[in-house]
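Look for chain A in each of the two complexes below; its partner is chain B in the first and chain C in the second.
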Partner chain A sequence: MFHWLEKNPFLFSVGVFIVIAFAGLIEILPNFAEAARPVVGLKPYTVLELAGKEVYKKDNCIACHSQLIRPFKAETDRYGQYSLSGEYAYDRPFLWGSKRTGPDLHRVGNYRTTDWHENHMWDPTSVVPGSIMPAYKHMFTNKADIETAYAEAVTVKTVFNTPYGDDIKPGREAWEAYKPKVIEEAKKIAADMKNQDVKDAVNRGEVPEIVALIAYLNRLK
Partner chain B sequence: MQSNAALEYDYSVAKLFTITAILFGFVGMLIGTLIAAQLAFPELNYLLGEYGTFSRLRPLHTNVVIYGFTVSGVFATFYYLAQRVLKVSMAESKFIMFIGKLQFVLYMILAVSMVVTLLLGITANKEYAQMEWPLDLLTVVVWVLWGVAMFGLIGMRREKALYISMWYFIACFLGVAMLYLFNNMEVPTALVAGVGSMMHSVSMYAGTNDALVQWWWGHNAVAFVFTVPIIAMIYYFLPKESGQAVYSYKLSLLSFWGLMFVYLWAGSHHLLWSTVPDWMQTMGSVFSVVLILPSWGSAINMLLTMKGEWNQLTENPLIKFMVLASTFYMLSTLEGPIQAIKSVNAIAHFTDWIPGHVHDGVLGWVAFMIMAGIMHMAPRMYKRELYSKKLVEAQFWLQTTAVVLYFTSMWIAGITQGMMWRAVDEYGNLMYSFIDTVTVLHPYYAIRALSGVLYLTGFLMFAYNIYKTATAGRKLENEPQFRTPMA
Partner chain C sequence: MNSLIVKALGFAAILIIATIVVVKQMHIDLSDPINAITIIGAIAIAVLTAGVSAKYISQMKSDTASGELADENWDGIGEYKNELPSGWAYAFLGTIVWALWYWTIGYPVDAFSQIGQWNEEVKTYNKKFEEVHKNADQATLQQMGESIFLVQCAPCHGVTGDGLSGKAQDLTKRMSKEQVLYVIKNGQNQLGYPMGAMPPGMASGEAAEKIATWIANGSKGTPPAEFAVCASCHGADGKGNNGMSPNLTEYDQPLVEHVLKQGKKGMIGRMPAFHGRFTPVQVKALATYINTLKDN
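After this line comes the complex of A and B, so read on.
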């Protein structure tokens, strides 16, 4: 029946490719432009928040935490308003996750505070008895890579027209000029924290990972 | 598929990938067992400082078992059986031999870089596509080299008609190439901004689009890495080991083209109840259910190949492995569509039922088939008898027990948690705080960790058996025609 095709590897491969390729075209393409549109009033992440998102990625928080509230009463009661497509317009990559070993975090900024996160990341069981989440004490000493976060802001502005201000532009000079703004933002977070080493680091012009992470988590609303 | 005495096949590349399959299999399963134990006993998170937390190790586990163990197994079996079904030897072409060895060297460099970068937390953070952009580029090179070797061998073939296994290997090559390229489209930030880390990029797609492309990849990585090449293996090794002809050519034809056509549509079942449009979710659900047909087509074709020869099941442990692999494939491809039904998914998604489902597929089907393939190949590659039949039998029962413990415990854990998340009291208030739904899972997590220990022990027995076969097995004068000889 198809023996002729099995003797012609080229046509066979072309056949396979066509059969597997067009499902993607039909399912993904039609909605592409619409899904990329932000909700009204959505602001891009600040550089400090982006640095926090990098910490979130580096320690792979999506292994256990989702950022996707499904439209069920049990979920909106627990986590807040269900998630909308346009809220993710500046998320590259998306961080929905696929497993909730811990709770959803898409609106964690609505019900957790800087000091709660500080205690929790230092020792999760101190605020959630029975928690199986590991402590992330290294985030209090490791420094966040704010320079790369700035590079990300420049990239999404240049390539994808993400609406950042004119002070976000390529080059080392522009970064050096921008850096104090990041430190200022970090100081506001550190002011609500109690760890003295963290406060000292921020005053020296460094940003510990925990500060950037908390800035990011507070932004999730 | 009679053996061809005139041709001396060259297994040097197949042997190399066999070794890496065993090595990465051990490492990946060891990490898997450790992170399973961490969920039951959180103190185990602090063995390696910041590099030893569950979150940091979890992608290492998935990447090492998928791209280390499974892909090595795919390459090993390919370089072994492609020569045989095409009736051409690697030794006939210096060029293809060079390509094969180059592919192996670059693959090893890639694998080591992957392990190091993931441990350091350098990650693109898309599930099953974590490698950062320089490694992505190297992946493309390795994959293209495999394609060159594959189509080079096909170009030299003496057997004009491509055997079923080759259909599946070609599909694996093309499918992964297409999906991988599109999903890993990313912009290196340092190149645009002139500052920051070279090992960082942003995805070309944002939010919902990124999710769609990612799960189009994620789901089909399961298709084209965990299904398609494994079917290529069973279509060769089961008939060869049992001496039985494949039951039905028409069924294999139907299953192949059916699988190719249907699989890609089902990716959106990972995004049910998310922000992707309803019609896409529904398509994903519907095609997932249709997917039962071609999946069961292959599995039933394999089981019927044993028709009238079921006595081999009691006599030959390799047949046991392959028949059970087929059976687990059926279980897994029925379970998946059930989870893809929207109302079931509402409970199952985000719970441990999902890793449970994945593992009855990968432990019971993928790993069983790769190990059976290696046990079939080793005596022919090393021209020695398989070292110990008793060891194979013991391994089989140990690992089968492990798989059953794994998926039963995770079924219960997943459904328990899914129900507790939505439970409300008589006034309509949520009954459980989140932590209640975590602590209740402790016994199931402990059972799962135990199952990991059992499976890993079985894998060590397998590794030892292959090592002893290669070094101390009784020498064979002639290549065995069908059934693998074992002491």
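After this line comes the complex of A and C, so read on.
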């Protein structure tokens, strides 16, 4: 019955490939599609948090810190609930990391606060004796690029349909109109901080990197 | 007796002798039944090998091809139309049955899951933990509390619990004078005690100063007369009326429980809530440990 197939080895190979590839597709793709959906209640990053995420990337926190808690008891005891893939739905790119010189940060917002981050970024050994993490004092003076962060929000909204509100739209006027919201959010973070220079900068309408980064870290829960 | 059978017997004999030689050289104890059975098995395999080889060699010598040829031939090499061996056919049908089972029951019901494994592990551990520490003595609680403290609390409160020079609450003392004054001025409604909110401005001026000084000095001796306004909720001795309101003299278990559950924002800054991260036994252990810090 299938002698014609045996006579066409190339066609036969293609047929075999299609059958196996199909089996792979129906087993793998539905899982991917389901896991990639945002978990219930997940909100996209605010513009300030996005700016903090850029600081995180720029200063290469990912080199020493992971953001993925594996489902092992030892890890969930220390860092909290294991990570779900749907929690990274708005991470572009995700910052899982593959090296833990320092601890995992995926739920750091659950057990560290603005005060702690401020002390820790200024001088890590003041709160964690023996820490080998360098100080990041430049974050207290460098300004976060909230404008680019806004552009990123606009981009992911346009390209990936990330559910931002209608007030995030392209154009300089839209950004000028949106900027006060970012500053407002920064002020809330700065209110819990002690560094006077940072507070002054925020009151002037600037956002030091530390404020954006803390907003991002507090968001990680 | 034809020569093929002689050769086969000879082959079997060589295999058996080789086996026995190896066994002797390895000084294997044949009185052990397992070893004896293994030797018998080895001999049986040698005989079967020789017999099966002899059968097929003889078949190769005497058999002639027969049957109906398939239509195609490849460069003159043809193929007989043979029935599929029944073993293969049944195995093929068997895989179909297995596939139906796997599709409907095997995979959906019994699939391995990493999360499932985690659930089992945690459940087993927690059950064991609760059993072992159901009636933990003070020394165990103290030790457990210390190790939890070092992992979860020390990053802010410091390894000695001193609050890292004002970066967090100093757990070696109950409250500083400034903290008491701050609470009296601003009130307090975060901890979820049965007594509820403490309104701001319960005392002021010199009265507040006196109360604060007494508490900051470790609540020793009789409280000042001004403390009467506090006593209605916190108890005449400031110990919080058996968990109805915060204990002002020490970190007792209700206080530790409430702070861990609700978190707290005070004069120093905000402490996050640790709700659900500790079992009741662990909270008790933490309270035990924190209560001993003041003695050091």
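As a working rule, the second predicted complex is superposed on the first by the 188 of 221 C-alpha atoms of A that agree within 3 Å, B and C clash if a C-alpha of one lies under 4 Å from a C-alpha of the other, contacts with A are read in each partner's own complex, and residues count from 1 in each chain.
Basically, a residue touches a chain if its C-beta (ideal position, glycine included) is under 8 Å from a C-beta of that chain, and two chains touch if they have at least 3 such contacts.
Small disclaimer: the values here were computed from a predicted structure and weren't measured.
Chemist: In the overlay, work out which of chain B or chain C sits against more residues of chain A.
Modeler: In the superposed model, B touches more residues of chain A.
Chemist: By the touch definition at the top of the document, which applies to A:Ser85: first (chain B), second (chain C), both, or neither?
Modeler: A:Ser85: touches chain B, not chain C.
Chemist: Which partner does A:Phe72 reach: the first (chain B), the second (chain C), both, or neither?
Modeler: After superposing on A, A:Phe72 lies in contact with both chain B and chain C.
Chemist: May I ask you to decide whether A:Pro129 touches chain B, chain C, both, or neither, giving the answer as first, second, both or neither?
Modeler: Once the two structures are laid over each other on A, A:Pro129 reaches both partners.
Chemist: Is A:Ala151 in contact with chain B, with chain C, with both, or with neither (first, second, both, neither)?
Modeler: In the superposition, A:Ala151 contacts chain B only.
Chemist: For A:Arg112 in the superposed arrangement: first (chain B), second (chain C), both or neither?
Modeler: second
Chemist: Output check: A:Val40 vs chain B and chain C. Expected answer is one of first, second, both, neither. What do you get?
Modeler: neither
Chemist: Which parts of chain A are in contact with chain B and also with chain C?
Modeler: Comparing the two interfaces on chain A, one with chain B and one with chain C, the shared residues are 3, 7, 71-72, 78, 128-129.
Chemist: For a test of understanding, state which residues of chain B touch chain A in their complex under the given definition.
Modeler: 38-39, 42, 45-46, 49-50, 53-56, 58-59, 121-127, 151, 154, 160-162, 167, 170-171, 174-175, 178, 182, 187, 189-190, 192-197, 200, 202-214, 216, 250, 253, 257, 260-261, 263-265, 267-268, 270, 273-277, 280, 283-284, 346, 349-352, 354-355, 421-424, 429-430, 434-435, 438-439
Chemist: Would you mind writing out the residues of chain C in touch with chain A in their complex?
Modeler: So the residues of chain C touching chain A come out as 70-72, 114-115, 117-118, 121-122, 125, 151-152, 155-156, 159, 164, 167-168, 268-272, 274, 277.
Chemist: So in the complex, which bits of chain A are touching chain C?
Modeler: Interface residues on the chain A side: 3, 7, 71-73, 76, 78, 80, 82, 110-116, 119, 126-129, 192.
Chemist: Report the residues of chain A in contact with chain B in the complex, numbered from low to high.
Modeler: It is residues 1-3, 6-7, 9, 12-13, 16-17, 19-21, 23-24, 27-28, 31-32, 35-36, 54, 57-64, 66, 68, 70-72, 74-75, 77-78, 83-96, 98-103, 128-136, 138, 142, 145, 147-152, 154-156, 158-160, 170-172, 175 of chain A that touch chain B.
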